[in-house]
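So that we are looking at the same thing, I have put the structure below in structure tokens.
Chain lettering (A, B, C, D, E and F) follows the sequence in which the chains are written, and residue indices restart at 1 in each chain.
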Amino acid sequence: MRPSGRTPDQMREITITPRFTKHAEGSVLIGFGETKVLVTASVEEKVPPFLRGKGEGWVTAEYGMLPRATHTRGNREAAKGKQSGRTQEIQRLIGRSLRAVTDLKLLGERQIVLDCDVIQADGGTRTASISGAWVALRLAIDGLMAQGKLSADPLTQKVAAISCGIYKGTPVLDLDYDEDSNADADANFVLLENGNIAEAQATAEGATYDEEALLRLLRLARIGCTDIFAAQAKAVAK
Amino acid sequence: MRPSGRTPDQMREITITPRFTKHAEGSVLIGFGETKVLVTASVEEKVPPFLRGKGEGWVTAEYGMLPRATHTRGNREAAKGKQSGRTQEIQRLIGRSLRAVTDLKLLGERQIVLDCDVIQADGGTRTASISGAWVALRLAIDGLMAQGKLSADPLTQKVAAISCGIYKGTPVLDLDYDEDSNADADANFVLLENGNIAEAQATAEGATYDEEALLRLLRLARIGCTDIFAAQAKAVAK
Amino acid sequence: MRPSGRTPDQMREITITPRFTKHAEGSVLIGFGETKVLVTASVEEKVPPFLRGKGEGWVTAEYGMLPRATHTRGNREAAKGKQSGRTQEIQRLIGRSLRAVTDLKLLGERQIVLDCDVIQADGGTRTASISGAWVALRLAIDGLMAQGKLSADPLTQKVAAISCGIYKGTPVLDLDYDEDSNADADANFVLLENGNIAEAQATAEGATYDEEALLRLLRLARIGCTDIFAAQAKAVAK
Amino acid sequence: MRPSGRTPDQMREITITPRFTKHAEGSVLIGFGETKVLVTASVEEKVPPFLRGKGEGWVTAEYGMLPRATHTRGNREAAKGKQSGRTQEIQRLIGRSLRAVTDLKLLGERQIVLDCDVIQADGGTRTASISGAWVALRLAIDGLMAQGKLSADPLTQKVAAISCGIYKGTPVLDLDYDEDSNADADANFVLLENGNIAEAQATAEGATYDEEALLRLLRLARIGCTDIFAAQAKAVAK
Amino acid sequence: MRPSGRTPDQMREITITPRFTKHAEGSVLIGFGETKVLVTASVEEKVPPFLRGKGEGWVTAEYGMLPRATHTRGNREAAKGKQSGRTQEIQRLIGRSLRAVTDLKLLGERQIVLDCDVIQADGGTRTASISGAWVALRLAIDGLMAQGKLSADPLTQKVAAISCGIYKGTPVLDLDYDEDSNADADANFVLLENGNIAEAQATAEGATYDEEALLRLLRLARIGCTDIFAAQAKAVAK
Amino acid sequence: MRPSGRTPDQMREITITPRFTKHAEGSVLIGFGETKVLVTASVEEKVPPFLRGKGEGWVTAEYGMLPRATHTRGNREAAKGKQSGRTQEIQRLIGRSLRAVTDLKLLGERQIVLDCDVIQADGGTRTASISGAWVALRLAIDGLMAQGKLSADPLTQKVAAISCGIYKGTPVLDLDYDEDSNADADANFVLLENGNIAEAQATAEGATYDEEALLRLLRLARIGCTDIFAAQAKAVAK
């Protein structure tokens, strides 16, 4: 029934290539099927103005899509002179999600910026970004710890994200572009390894949904995140 | 326990003044306690470029906060030269929510723009905006119908929105500013009168939450929206 | 002869609701007939860079029009990314007018920002803004004095503003939208309670005018400002 | 008493060099003493969108100041990415002033853009711009008439502008920078050759002023404009 | 003598991965040593306004650097709201270089946009972009030809680009970042396979140079481009 | 053969009017035939952030074209809200060229800004700007030396720039607009009085060129710069 032939609760292949670029303190190329996102973590020994002198750090994110990551070329945001509402919404979500698993006091007065750039898009770019950002952040913090700059590990646990949706009346896991552009409802869940929820967003597109559907989407998300946690663990193992 | 002395499932007073301004095809001043939002609905006999010639209409929204709607003055977005990510996220949510109850084919090739301007803010400005926008939209469509411009009513049912959150460990309904700025989790639900969900968003702020908490927040939202639906009905009655 | 049936020297009804919003140090909703402007005064304990360390304060203004304050919806300036020339011209005029009655040395190193937001427009929005701004400023300074932050009252006297114009050959007071859009000449006067002039601006629209006409417009403005001073006095009385 | 040694009603030397540049349909370098403005008139065979198909033309203006026209270098507006409120206010005034003497129907569906660029500033740049713009416009229209593109002359009469102000208590004509930056009040008058007024703007800077002062400023302006009209006439004579 | 141990006329390893992404009509990941640039060619069946109706096509380019492509993170241009002068200069150069080998009449009324995004930077990003852009353009045009949309091949020959410079007094080929940031002079040559020059740019950084040095740099560039032409040929072979 | 009747190696008349404006520390109006550029040098007792506290100075440039400097009116960059890529490319070139002859340590912690504004354009505006900028810079530095602010002259020698190109198959010196818009190749050389090269840029427009042509263009440039150096010397002599 799914265009890709997957079963409703089947993820696409998850591929994680840690240390994909050489300059960043942490970097990863993450793939959810044909969706490919490059995430870098940059450590900066300064914090935004609102945190100066408070002894706390900050984790933030920026998101971008290369103009031809998509089926038809989109305008370059740098050339248009502004980031779209969609871009800003996504980068705010990524930042919040990673801060949910970071003890900002333990990080100290420094900032880690997570740049998520979509090389190729096939649905799920924001959830791949979050899932990859955890790997880049883990690598960057490992580096800080190896340099003795942290007294304790500020990263409290894993976080992952996945999209689900109602496609032709059936809740399915990990929407690809064909499904995403025709779904009745579209949800993104950001889950912690301990089972807790950092963010739940479920939006009616073609049709509104009921409480039962919301719960089924959440359960699908749990299945998907279990796979992502395993892939993350493997990627950051020595 | 709540700073306002309300019980956990108690809404603030809902006040709706329809036809608050005279030029707009629909207008309303809506209050959730001390939060006051002016919503106008403007009918335009044209549609955005992507819909031209398709025989369908569009409903969209813009959101703004007067600089001193808040405790301390915020910069005017027109003077800064751009809308914040928060503003764009909110106006996209308002537009989606109202489109969820509008049959765009029945609307015909015209656009209705919902301008939501926050006169005074005390938490819940986006949910008050959505709830008020339904009233303004209803009034504007009533006008179109009275003029014989529509063959059938494109507004399929009521939509309302309310915030809930986990405050000092307890799920509570309709957060005011004091609660919102200290909540562990913060949720917004957009519900239809038939019980369906148009949008669910639940974000961990201070602490992540579990599935049980998500369900309790949704149930609180149902209580609040019941009150809002009643107030909307009263406001649009002749 | 006037569309509204008013006599040439007749003002529209002046309505002033002080303390219209709760967060601002001073606030007012002022109406000149159907023109309604919300003005807030925000006290900030800092001054612009060019005044730092000089022991003087500053009074400045910003002006905006809600998109559907007018007959047809105008584009939101925050969405367009810039303020129009008209907006900037008006906010510069409001700031200058209020500084004309403020002793900036007595104000001390703090700034008061006057935000004038037009809720509904029917001609005369800039003059209503100036007249209302005086009330908001008076309330904000009263607050500073009550807190013992000022050694003496920096507000030297009242200031008010009114538009006049030549409509169908006749000088008339307080143009509404119908008159304003068809006037041969259009003037705005900012007057002090002691009779002095802070600003005179008279512009030919359809036809140029002579010195005699300029003087008649000024005399009409004196009549209108007398009414406004009385309404201001009443609004700020305890 | 004046820094320059001039009497209160004495203009600076007026210098007008017509046809200063070769590409524009009309051009002039105008000097009021050390203030030097280059004005070009560009004829475009199209009108702004709001006038299309109405059989009428348009006259508009843009104003700029070279970064080092002034005592200390100002930021280049093109580099800052926006025009200041002052710039926009001035260019609106220039456009209105020239339209006051142009019969837009006789001009036909074409636009004339007046670019006023200040090469060197010493007070009075906006009034020199208006006075010079008339010359550039006259030359451009002469060219259109010579080409047989106009059935009748759309320029109805001369327009000129001059600043006056109250300096150390005395009304004086044609303020230079030293006076302008210390004046109690600062006025700009745009006058027609037939004695009528197109625009009067009188602003209190250090001190407010009375009706008598306003009239004395206007009379000084009449003296100055008489000189400018003579210089304009000489400049456009063959 | 060179930090990398290369001889003065030794290129870094050239790596070209054609068809790196799936949506674009042509795409390539090109590496000059550690410099990695992703280039996509997007075919659009429309031309810029200045070419409409002329029966000719257009080839243009955009360039961007991912924020952490470099040693320290740079600000994202989309977030800053404008492209730097450097970015614009580079993308103009890339566009000109590819147009030098494209017969725009044979291309027909369509545009090909070359997006060059630097994934990792180690000197020579603009020359890698040009060299890779030829491959992406070749692939895109091959696709158009395979679809029968072109009557003849509009790509006249190969173009490649390479940087050279004077490093510690010695002319060297293909500067890496360590060399580039310490070079006395820095040159970029865009050469055609037939030996002709499309662009020569040689800039003094630390010290000016003489004619003899300019010629030696050009000869080094010929050596480098010979290697690039070979790598390009191999990449586009079936 | 040339539209102007000049021989291939013949410059247009060079005119240099030093001290053209009165406020700038250095200023000049330079003409290459009908191309006229006003250059001012502004001394600022501060440096850009990246140089603070390093005991070095900076020389930078900005470039602009008055809207009607050209045959048809161009949009004003300040009104469009951004500088074009061409403008930024030119101002970067001017700055680099003048820094090539300035000892920034001897200049001390101050900045000199060279504003190059094109009053009238007829080809060669960037090379006239560089050549004129040297005169303005020389005058500004003479002023600093006369005030005893410099221990030694930071200007090491003269710099000049000229365009050359291949027009109808023949290399020619100092292209005017008619030639420039039809040239096969277009080059700009920035040369020092000692014969060295600060910048060489040669771009194929209609046709690529060979090494021999590049050398012939350079030799023409040497002829032109000899004339410019003489004119510069004469202009700055007392």
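The working rule: contacts are C-beta pairs under 8 Å (C-beta built on N, C-alpha and C of every residue); 3 or more make two chains touch, one makes a residue touch a chain.
For clarity, every value in this text was computed on a predicted model and none was experimentally measured.
Chemist: If every step must land on a chain the current one touches, say how few steps get you from chain B to chain E.
Modeler: 2
Chemist: Which chain is most remote from chain B in terms of Cα centres?
Modeler: Chain F.
Chemist: By mean C-alpha position, what chain is farthest away from chain E?
Modeler: Farthest chain from chain E, going by C-alpha centroids: C.
Chemist: Fitting on CA atoms only, what is the rotation between the copies chain B and chain C? Please report it in degrees, nearest 5.
Modeler: To bring chain B onto chain C, one rotates by 180 degrees.
Chemist: Centre to centre, by mean C-alpha position, how many angstrom separate chain D and chain E?
Modeler: Centres of chain D and chain E (C-alpha means) sit 50 Å apart.
Chemist: Measuring from the mean C-alpha position of chain A to the mean C-alpha position of chain E, what distance in angstrom results?
Modeler: Distance between chain centres, rounded to whole Å: 32 Å.
Chemist: Using CA atom averages as chain centres, what separation in Å is found between chain A and chain B?
Modeler: 28
Chemist: Which positions in chain C are in touch with at least two other chains?
Modeler: Correct list: 81-83.
Chemist: For this assembly, give the contact graph shape among line, ring, star, complete and other.
Modeler: Topology of touching chains reads as a ring, each chain with two neighbours.
Chemist: Reading around the ring from chain B and passing chain C first, what chain order results?
Modeler: B, C, D, F, E, A
Chemist: Would you tell me which residues of chain C are touching chain D in their complex?
Modeler: Within the complex, chain C contacts chain D at residues 82-86, 88-89, 91-92, 96, 100, 192, 195-204, 208-211, 214-215, 218.
Chemist: Help me check something: in the complex, which residues belonging to chain C touch chain B?
Modeler: It comes out as residues 21-24, 27, 34, 36, 38, 40, 42, 44, 62, 64, 66-73, 76-83, 87, 113, 115, 117, 119-121.
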